[in-house]
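Once you've had a glance at the structure underneath, I'll fire off some questions.
Labels run A, B, C, D, E and F following the written order; every chain starts at residue 1.
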Amino acid sequence: MIETVRLWAIVVLVAFGLFFTFVSAVGVIRLPDVYARAHTASQTDTLGAGLALAAVALALGWQSATIYTVLLLFFVFITNPTAAHAIARSAAESGIEPLTSDDLEEGERR
Amino acid sequence: MSYQDTYSESQVILTAVKIIAPFTLTYGLFMTFHGADTPGGSFQGGAIIGVTVLMLAFAFGIEPTREWLRNAVLVGLVAGGVAVFIGVGLAAMALGGNFLEYDRFFEVWGIRQKWGMEAIEIGGIALIVAGVVITLFFATAAGFTPTRTDGRGEDE
Amino acid sequence: MSAVAYTLVVFVLLTAVATALFRDVLSAIVVFGAYSLGMAILYTFLLAPDVAMTEAAIGAGVTTILLLLTIARTSRPSSDRIFERVNVPALVVCGAFLVVMLATVLPATEAVGDPEAIAWANPEVTGYYIENTYEDTGVQNAVTAVLAAYRGFDTFGEAVVVFAAGVATLLVLGREVFA
Amino acid sequence: MTEAALVPALLVVVPILAATIPLALGLKVDRNGWSVAAVVCTALFGATIYLAAVVYGVVGSGGRVVHALGGYPRQYGIELVADELSTLIALLVTGVAAAVLAYTRVGGPRGNTFYSGWLLLTGGLLGLTLTGDVFNMFVFLEIVGLGTYALIASGDGPESAVAALKYLILGTVGASIYLIGVGFLFMSTGTLNMIELSTAVPETAGYDHTLVRAAFAFVFVGFAIKVAQWPLHTWQPDAYQHAPDGVTPLIAALVSTVSAYALGRVLYTVFGPEFLAVTPYATEVIVAVGAVSVVAGSTLAVVQRDVKRMLAYSSVSQFGLIVAAYGLVTETALIGAIVHLVGHGLMKAGLFVAVGVVAVGYGARRVEEYAGLAGERPFQAGSIAVLLIALVGIPPSIGFIGKWYIAVGAIEAGAWIVAGVIFLSTMLTLAYAARLLETMYFTPASATDRAHAPAGVATDGGTPSRVTVGMLALVVGVAVTAVALGFAGGTFFELLDPFVEEVFADV
Amino acid sequence: MIELLASRYAYALMFVLLAIGLYMMIANENLVKKLIGVNLFQTAIFLFFVAVAYVEGGSSPVVPADPDPGAQLIASPLPHVIVLTAIVVGVALTAVGLALIVRIYAEYGTLREDTLREVRADD
Amino acid sequence: MTAELIDDIFLGAAALFVLLAIAMFYRAVAGPTTQDRLLAVNVLGTNTVVILALLAAGLDQPWFLDVALIYALLNFLMAVAVSKFTVDRGGVL
């Protein structure tokens, strides 16, 4: 019984993780400029990673490996937004203009 | 240095590095000391320790970090590492064995083979690697000043 | 099981081709970072966590940083073209090399992961390491045991190479001190 | 466990340990590097002489000396092997490394890191010479490579950096290709030790196994780059020409020599003469590569104007001769190849030191600038003349013995093409040697415009302005040795005979 | 053919990567990219060794204190050691190469081999 | 039975994550600016952490998490480095 619940929990967590990563992939591919992409990268992807890592923690049970997964989650939560910030800052420094609604009216200029 | 490295990093990156760097250092040390029974070892550990210093250099500026790390420390790390490694090997030879024959330590001093291996891993490779990674970084960052007067390399 | 391996192979191939074709050096370095990621996963999948760790520490840490530092110290060619023009003679040479290798050497290799493969099942060497590591040296990680005990001299050479790299860099850049 | 068995390990380890001393002392004392290097290299030379005495049976019964590192048997561990062949090469390495220091004391780069690099290179060369394990050989190949790139780039001219990078890329590719060969060997046999491989290749894999043949091909191509065989030789002229004058003798005499030795070691100890005999096209390809290199190298040497570059191309052709001799697979040719290896190393060391001395004292670097050298500097001109004549292969000289044995081997094997190539190469060598000799002895100094300012060779700002007695003694000493060894042909044959007998035992 | 590729994917990938690395070294004029090509070439060899060590369904070479360790399916440790050493060697070479490139740029002001050739011809 | 099923789920998920990585790699190739490429590779790094964790669970090799941890710690270095050089050199890089 408890095994079945665990199995389904894992399946659901992995599925959600995949889904959010998929969303972030779509975002990275489809969004129009670097700032918008940085946005999806730092948030959706972190969430997807978190869910998948939770599934791994559940599967491995309460071993020391679970501590690793929690640590992983913690570090991903810190480093991912930092990296996104660094990239956005670098983009701003090198003079990349954010895409505004005016630009959109001129047409697709990705 | 050909450019003034006085610019300090943005608050976000500074904070993130402040949080991450202790963990990186600890993890590098953990890996160095724990290589015998789990994957990972002194080389990886030493590289991570070295990279921690690079991380700090990015956050706090390359020039301040260089001043903070004195030359003697790095020379000591690298030369000391090589000396420890060879010293362990030669000690085995002095005890009548071959180079790096840890069995000798066990037979003569009762030290388990494992500790001989740990000595060269931790005292030797980890020190060398950490020292050299830092050296490579600072040496490349400092660049090269041509001695010729017609050198065209005044970048900046 | 092997689905992971095949997708990884595709990923690594794509990153490698992209690295080769980018004209812009910075982009090539960034994509090479992705290549290193793919390689590390592949090493992990092939049961070599030690190697993958080294690749991770080196690929994400040392090599990339040094490459970036180098182009920060030098220049970045400004160019309109993103991709290199394909060099046909070189492509022909490399393609011929590839075809010859795939046609001759590849069929002679053993299947990946074959438990009967000589290199793996050789009782003289590999089997000996697996059998006797713990007994001889008292460590559980066979890689560490082989690295530090059985083939300690290789590791000595490795340490010397690292040391030599430090000395060589100082000599090349005309410095006498380490920092 | 005899004392002699400790010597191989000490030979490799001590220079590397000593390489840390200049750096560590550099914190307190300036300019200590030369003294450390001189003491260590001399001690190494002494230790190698002792080892040679043991191996060749002057002390005790003779025979190979084996150091099992870590005390593990050779299947699982790594061995250092000093046999009749590797001891000879080790003697050359330590001797030249110690002798060339006589030049660098005043003439060469003087930084502490430079001597660290020097000692690392010496240690790497000794390791490459003594190791009995194919993968360990790769590691030492790369240590040697790193040391060489560093020493080449220690020159202060910008060209030296370009030359070093060119060598770095090609050398790394060469070593990597060698590593692929090692990988194939490992895959088909499961072992890495050379002696184990020599039995495992025919028994576990078989000589006709595709992987073994591929391994052979990769190993050969890898070494062909390292030994600078045409058309993969392009790094060598640049590297020799642009390295500092104190470094060129060392790398010209040792780096490619030891790589060529390693090629011979892998060809004859790992694969064995039988493999070469039964594999189709193996010997043909080796001989062809060697022969083409002989012709191409000599021809290119004739058209060069810069003396260092001319001698570098001459190296390409001489190594071609050695590789061709490997491909003949006869006992005499193998002995000839080894003798020529040692002799060429010696002669090139002397020639490059002499070129450095001339550059310091006479300010000449190009062939036409050597005009009138014989009148003004009789000792230098005389030594260069003797060494050039030895290089051409006129008896009595070590150059003659090597070529003689190779030629005899070629005739034994019925390879008339090789015999013809040897003759042709002698003629071409004579052509470029004669050009230099003629300029030195018969062209008056005033005939050409010569820049009288001595060329700068030191990296640390100090331009050496004088030719010391040590430099001259070194040049003259090498010239005398090259001639004296010309009378020792029979001795070489006897010394190397046990090794060659063993190699050809199965055939 | 497909079957061959499927069962020997790692070796096939190695050959392709070798070819790509070779191509980068021959065709690219930029020195940094040449060096990246050298790196790629080397990683291909590492992959080869790791694949040689791999055994399907085995575990990583951490041998537990077991009475009969030989009975387990464990990836061979020897190639891993070789690769570890070779990776370190590769990094060392890359670092020295980059230092050389920094110096070449400082002296000549270019990183492209064709321009470099012209500049050197002028000197 | 369930253990094997779970392993298969994890391995399958890992393969799907690699597929997503391939999709994201499109941005690394196409991205008009360097920052786009950097961003794509950064996302790939996060993805790698996840794939390694999934492989650890799927192949029952908890050691693999160590590799993932290294990436989690060091992944942002490249982004920080590029950002640093951009700012230091006034947007040259």
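A few notes on this one:
Criterion: a residue touches a chain if its C-beta (ideal position, glycine included) is under 8 Å from a C-beta of that chain, and two chains touch if they have at least 3 such contacts.
Fair warning: this is a prediction, and the values are worked out from it, not measured in the lab.
Counting only chains that touch, the fewest steps needed to get from chain D to chain F is 2. Between B-C and C-F, more C-beta contact pairs are found at B-C. The chain with its Cα centre farthest from the Cα centre of chain A is D.
Centres computed as Cα averages put chain A at a distance of 57 Å from chain D. Inter-chain centre distance (chain A to chain F, centres taken as mean C-alpha positions): 10 Å. For the pair chain E and chain F, the distance between C-alpha centroids works out to 20 Å.
If you average the Cα atoms of chain A and of chain B, the two centres end up 33 Å apart.
Among the residues of chain E, those touching two or more other chains are numbered 18, 52, 59-60, 62, 78-79, 82, 84-85, 88-89, 92-93, 95-96, 98-103, 105, 107-109. The multi-chain contact residues of chain D, meaning those touching 2 or more other chains, are 13, 16, 19-20, 23, 26, 69-70, 135, 139, 142, 146, 149-150, 153, 156, 158, 161, 164, 186-187, 192. Residue positions 13, 16, 20, 23, 31, 37-40, 43-44, 48, 51, 54, 71, 75, 78, 82, 86, 89, 99-100, 102, 129, 136, 139-140, 143-148, 151, 155 of chain B are each in touch with at least two other chains. Pairwise chain contacts present here: A-B, A-F, B-C, B-D, B-E, B-F, C-D, C-E, C-F, D-E, E-F [touch as defined]. Note for the complex: chain C touches chain D at residues 104-105, 107-110, 117-122, 124-126, 128-129, 149-154, 156-158, 160-161, 163-165, 167-168, 170-172, 174-178.
Across the complex, chain E meets chain C through its residues 4, 6-13, 15-20, 22-24, 26-28, 30, 32-33, 36-37, 39-40, 43, 46-47, 50-66, 69-70, 72-85, 87-89, 91-96, 98-103, 105, 109, 111-112.
Chain C meets chain E in the complex at residues 2, 5-6, 9, 12-13, 16-17, 19-20, 25, 28-29, 32, 35, 39, 42-43, 46-51, 54-55, 58, 62-63, 66-67, 69-71, 73-75, 77, 84, 86-87, 90-91, 93-95, 97-98, 101-102, 105-107, 109, 111-115, 117, 119-120, 125-127, 129-131, 133-134, 140-143, 145-147, 151, 154-155, 157-158, 161-162, 164-165, 168-169, 172-174. Against chain C, in their complex, chain B makes its touches with residues 31, 35-41, 43-44, 47-48, 50-51, 54, 66, 69-71, 73-75, 78, 81-82, 85-86, 89, 99-100, 102, 112-114, 117, 120-121, 124-125, 128-129, 131-145, 147, 155.
On chain B, the positions that touch chain F within their shared complex are 3, 5, 7, 9, 13, 16-17, 20, 23-24, 27, 31, 38-40, 44, 48, 51, 54-55, 58-59, 156.
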